[in-house]
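Below you'll find a set of structures to go through.
You will see two complexes here that share chain A, one where it goes with chain B and one where it goes with chain C.
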Partner chain A sequence: MDLGREKTVSQPLSSDMAKKFLGGNGFVTKILWDEVKPGLDPFDPENRLIFAIGPLSGTGWPQAGRFEVGAKSPLTGIYGDASCCGHWASELKFAGYDAIVFQGRASKPVYLWVDDDKVELKDAKDVWGKTTSETEKILREQHGKDVQVASCGPAGENLVRFAGILHQRRAAARSGIGAVMGSKKLKAVAVHGSKDVALADPEGFYKFSREIIELYKRDKFIESRAKYGTPILVELMNEIARWPVKNFQTGYTPHAKEIGGERIREEYRIKDRASFGCWARCEKPLMVKQGPYRRIYAKQPEYESLSALGARNWIHNLDVIIYANELCDEYGMDTISTGGTISWAIECYEKGIITKEDTGGLILSWGNTETLIELINKIAKREGFGNLLAEGSLRASKKIGKGSEKYVMHVKGMEIAAQDGRAQKSMGLAHATSSRGADHLKAFPLLDEVVMNEYIVARYGREYLPEMANRLDIKHKPFEVKDGEELCALCDSLLLCKSAGTSLPLFTGAVYYPEMAKAVKLATGMNIDASGMRTIGERIVNLQRAFNIREGISRKDDTLPSRFTEEPAPEGPPKGHVVELEQLLDEYYKLRGWDKETGLIPRKKLEALDLKDVADSLEAMGKLPR
Partner chain B sequence: MKVNVVYLTTFREIVGRRSETVELPDGSTLMDLLETLAERSQKFRKELFNPEGGEIRSYNKVALNGIYAEYLNEKFATKLREGDKILIAQGVSGG
Partner chain C sequence: MVVKKILYADPLECCGCRNCEIACSVAKEGIMNPHKSRIRVVREGPVIDMPIACRQCADPPCAKPCPTNALVKENDLVVLYEENCIGCGLCVEECPFGAIFIHPDKGTAIKCDQCGECLDFCPTGALKLVSTEAVAHEKRIDLAQTRVKVIEEWLLNSKDMAEK
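Right, the complex of A and B next:
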């Protein structure tokens, strides 16, 4: 969809693209590599915004209800993506599409209306400036209640660099893709589809699908997610001192129980909701029954949001966190970057680096609920001090200076999520190597999180014990992260949920490469074996790295804040620990087949992954290792 | 000797409270504590232990002062001390 020329071209999916990249995050990666020139400003109309689904979307395959959105990130300046569950992905499949690629910038605000074969750009005057839920409501009133809408909120329109894209109160939150959407003056993508989903072997597919569903239904981890959602992790992560408190000054707070999953279930939960094909139903609409933040039907904040908007800012008032979370969703902002940026500002204020002159008179302090709400409003509207914070913590620190950079908890410009790497070394490495900047979901190393001995044996063998299961021991962690990155890239291409659907692919291996290969074959007829699936994951990881190398990324950028590498954890089980990042990286590059000194990818590795053209391009730029 | 026990997920529902102080004879081990708790409730026992062999089910996690039992030198035979904090959870990970 060329927004500038208002021109649509519909292309059949090539079998080469499908076989090499599968869908979702694979398509996003390949299209960004092919179509976004290095050095391009992410807000340039020539940036691409790609919505992509996968070969299992719309089929009812368990936990495959997500869609992926990618662009060059305005927050990090490198590869950017995010994914979201709900019913948008299945609707796009029913309309007959695998991806929508936007380029250019509309002359006035528009939204895309897809109704099977009818694809129209429509005037967005009725929804521009509206919040995300208002936008969905208005467009469903106009086009019908079965229409599925993904939209950016006011934050995306205002180019907040960590704006996300929302659908059914769920967020494709990270990387600032909502700001790219806003920069293109694209408010929403509304989809309705009524076509059948063609399967290569329907009988075989649904027989196999039912077998896998039975595994999910019996799984204890799914049972716990279904009951509590991700907030169940709060108290557990706090107990192992991996729970960020006061901008990662420590990993433990005695107040965690006040905002944990059990309390939310007991006192706030109304019901459970599920996405298409989801057995974990981890979304829990809540009610705040009384007080100034009373709300009838609020969304349960995820573990990450409870951290970012809560403990990271020393806020343990659940009513306030729920309201702040709602605000972020309505404005369309990533809660992790929002809370992370605010906590950076509070720490700088505490240390006298930021003053009332900078904040326009606002007093920043830990636990100040009014200030949290006010800053969220100001960031979304880019008002006053909020205009600076809307740039993200790294850019803001560069403008403030005075040593404020030291307190930015980021990697490559992306605020770090709710894992203190000192308390889990694999997570420390995962944050440093993630292709979209600090992120836990690109590798999602979980086997050491709560000691998964039996699953380590099942997936890798007994020789990896006991060290791999020990989250404070660096042995085998580079392998765990490398392997996890490839598995997660594959999950993101098939759009399998890694959070609520975590347990079977990422713990037990009960839904692993062979099962994914079989599902894809039964759905599409593509005959890719388990080894081929693994190669696709590795290919995507390497192509994302190549995209970033083209933008100037190298080993010097695979780093962590000095708080993680130089300041020992102050309390709890990780007390005295830092992340031994350089040792971890040496081993990680070796396993990847990348150059240890530079983090660049040798031609041999790229060619082995059928990426010769990528090697040629990097060579022409002088970006292959010598 | 008094120790503090924190329950998460299913165990909190079975016990009906978030935490409690449990009194044990001096020299008691982590397994002694778990047996004491299981004695009170068949449901608790069924959720915590494998039916055969009496081992803790693989998806249940027990931590002593933030360290999972698997990583204690004496594992479940570790002797408890006054004021220790024990966490008992089921099927929680991934964040």
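Right, the complex of A and C next:
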């Protein structure tokens, strides 16, 4: 979809693209590599905004309800993507599409209306400026209640660099893709579909899908997600002191219970909600029963939001966190980066680096709930001090200077999510190597989180015990991260949920490469075996790296804040620990087959992954290791 | 004796995952297409999810205008004789629940025959094929339980009063 020329081209998916990249973030990566020139400003109309689903989307395969959105990120300036669950992905499949690629910039605000074969750009004057839920409501009134809408909120319109894209209060939050959407003057994509989901072997597929559903029905991780959703992790992660408090000054708070999953379930939860074909139903509408925030809320804050808007700012008032979470959703902002940036500002204020003059009179302090709400409003609208914070913590610190950079908890410009790497070394490494900047979901190393011995044995064998199970031991962690990155890339290309659905592959290995290969074969007819699936994961990881290398990324950028590598963890089980990043990285690059000194990818590796053209381009730029 | 059964789900228990739609479409058509499912989930606002399927009315308004007798009340079900259906859509107009649909390819009517295939695919167990008597019974118990709470609270409060 060329927004500038208002021209749509609908083309069949090439079999080469399908075989090498499957879907989702595989497509996003390939299209960004092919079409986004190095050095391009992410807000340039020539940036691409790609919505992609996968071969299992809409089929009813369990936990495959997500869609992926990608663009060159305005927050990090490198590869950017995010994914989101709900009912949008299946609807796009019913309409008969695998991906929508946007380029250019519309002359005035528009939204895309897709109704099976009918694809129209519509005037967005009724929804521009509206919040995400208002936008959905208006477009569903206009086009029918069974229409599914993904939209950017006012934050995306205002180019907040960590704006996300929302659908039914679920967020494709990270990387600032909502701001790319806003920069293209694209408010929403509304979809309605009524076609059959064509499968190569429907009978075999549904027989197999039912076998897998039986596994999910009995899965204890799904059971926990169904009961509590992600907030149940709050107290557990606090116990192992992996829970960011006061901008990662420590990893433990005595107040975790006050914002934990048990309390939310007992005092706030109304019911469960789920995305298409989901068995984990982790979404929980809530009710604040009294006080100034009394009303019904569409969604409980996730584990990450309880951290970013809560403990990270020393806020343990659940009503306020729930309200702040709702505000971020309505404005369309990533809660992790929002809370991360605010907590950086509070620490700088505490240390006297940021003053009242910078904040326009606002007094920043830990636990100040009013300031939190005010700052969220100001960031989304880019008002006053909020205009600075809307740039993200790294850019903001460059403007403030005075040593404020030291307190930016980021990797490659992306605010770090709710994992203190000092308390779990694999997470430290995962943040440093993730293709979209600091992120836990690109490798999602869970096997060393809390006693996962039986799954370590199931997936890798007994010889990895006991060291792999030890969070604080760096042995086997580079292997765990490398392996996880490939598995996660595969999950993101099949659009499987990593919080619940792939709890099985990520933990137990019960639904693993062979099962994914079988499902893809029955769905598409493509004959890719288990090792071929693994190769696709590795290919995607390497192509994302190649994209980043082309933008100037090398080993020097695979870093962590000095707080993680130099300041020992002050309390709890990791007390005295730092992340031994350089050692971890040496082994990681070796396992990856990348150059240890530079972090660049040798030609041999790229060619083994069928990426010869990528090697040629990098060579022409002098970006292959010498 | 009529033992009328309905496909029933409490909107606060249904999570709106649409696994029932998937199960129905796959069972009846061999593929997934939400427009071919005989059960449809309506998701409204932040808390309401409602699966809707034919309620097998005792005096079915859909059957009345049917010019070809394709819809017939037999025993406890409203039975659709597909071979008689001409696809006029009068039944769709008449059904007060929007629970009868036109097949997008065939152009003739489709509706729930209470085969029960969807029941096994409801993650929350909200979806039930139950007799109307059982539904009413459950509602009576629910009502009694809310009364119990009110009365217990009243008793506890009046005890406080007595102590004062």
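Here is the rule we go by: the second predicted complex is superposed on the first by the 623 of 626 C-alpha atoms of A that agree within 3 Å, B and C clash if a C-alpha of one lies under 4 Å from a C-alpha of the other, contacts with A are read in each partner's own complex, and residues count from 1 in each chain.
Simple rule for what comes next: a contact is a pair of C-beta atoms (placed from the backbone, for glycine too) under 8 Å apart; a residue touches a chain by one contact, two chains touch by 3 or more.
Just so it is clear, the model here is predicted, and its values are computed rather than measured.
For the composite obtained by superposing both complexes on chain A, the positions of chain B and chain C are free of clash and fit together. In the superposition on chain A, A:A418 makes contact with chain B only, not with chain C.
In the superposition on chain A, A:L233 makes contact with chain B only, while chain C stays out of contact range. Superposing both complexes on chain A places the Cα centres of chain B and chain C at an angle of 80° as seen from the Cα centre of chain A, in steps of 10. By the document's definition of touching, of the two partners only chain B reaches A:E449; chain C does not. Touch criterion met: A:G572 reaches chain B, while chain C stays clear of it.
Legend: residue contacts after superposition of the two complexes on their common chain; A:K184 is shown touching neither chain B nor chain C.
Once the two complexes are laid over each other on the shared chain, residue contacts for A:R174 go to neither chain B nor chain C.
By the touch criterion defined above, A:A241 reaches chain B but does not reach chain C. Nearest C-alpha atoms belonging to chain B and chain C sit 17 Å apart in the superposition, given in whole angstrom. In the superposition on chain A, no residue of chain A contacts both chain B and chain C.
On chain C, the positions that touch chain A within their shared complex are 12-13, 15-19, 22-23, 25-26, 29-36, 42-44, 46-47, 49, 104, 121, 123-124. Chain B makes touch with chain A in their complex at residues 6, 8-10, 12, 18, 58-59, 61, 63, 65-68, 70-71, 87, 89-95.
On chain A, the positions that touch chain B within their shared complex are 219-221, 223-225, 227-228, 230, 232-233, 235-237, 239-241, 257, 262, 303-304, 418-419, 440, 444, 446, 449-454, 466, 469-470, 499, 502-503, 506-507, 572-573. Chain contact summary for the complex, chain A toward chain C: residues 58-60, 87, 90, 94, 145-146, 169, 194-199, 202-203, 206, 213, 217, 226, 270-279, 281, 285, 296-299.
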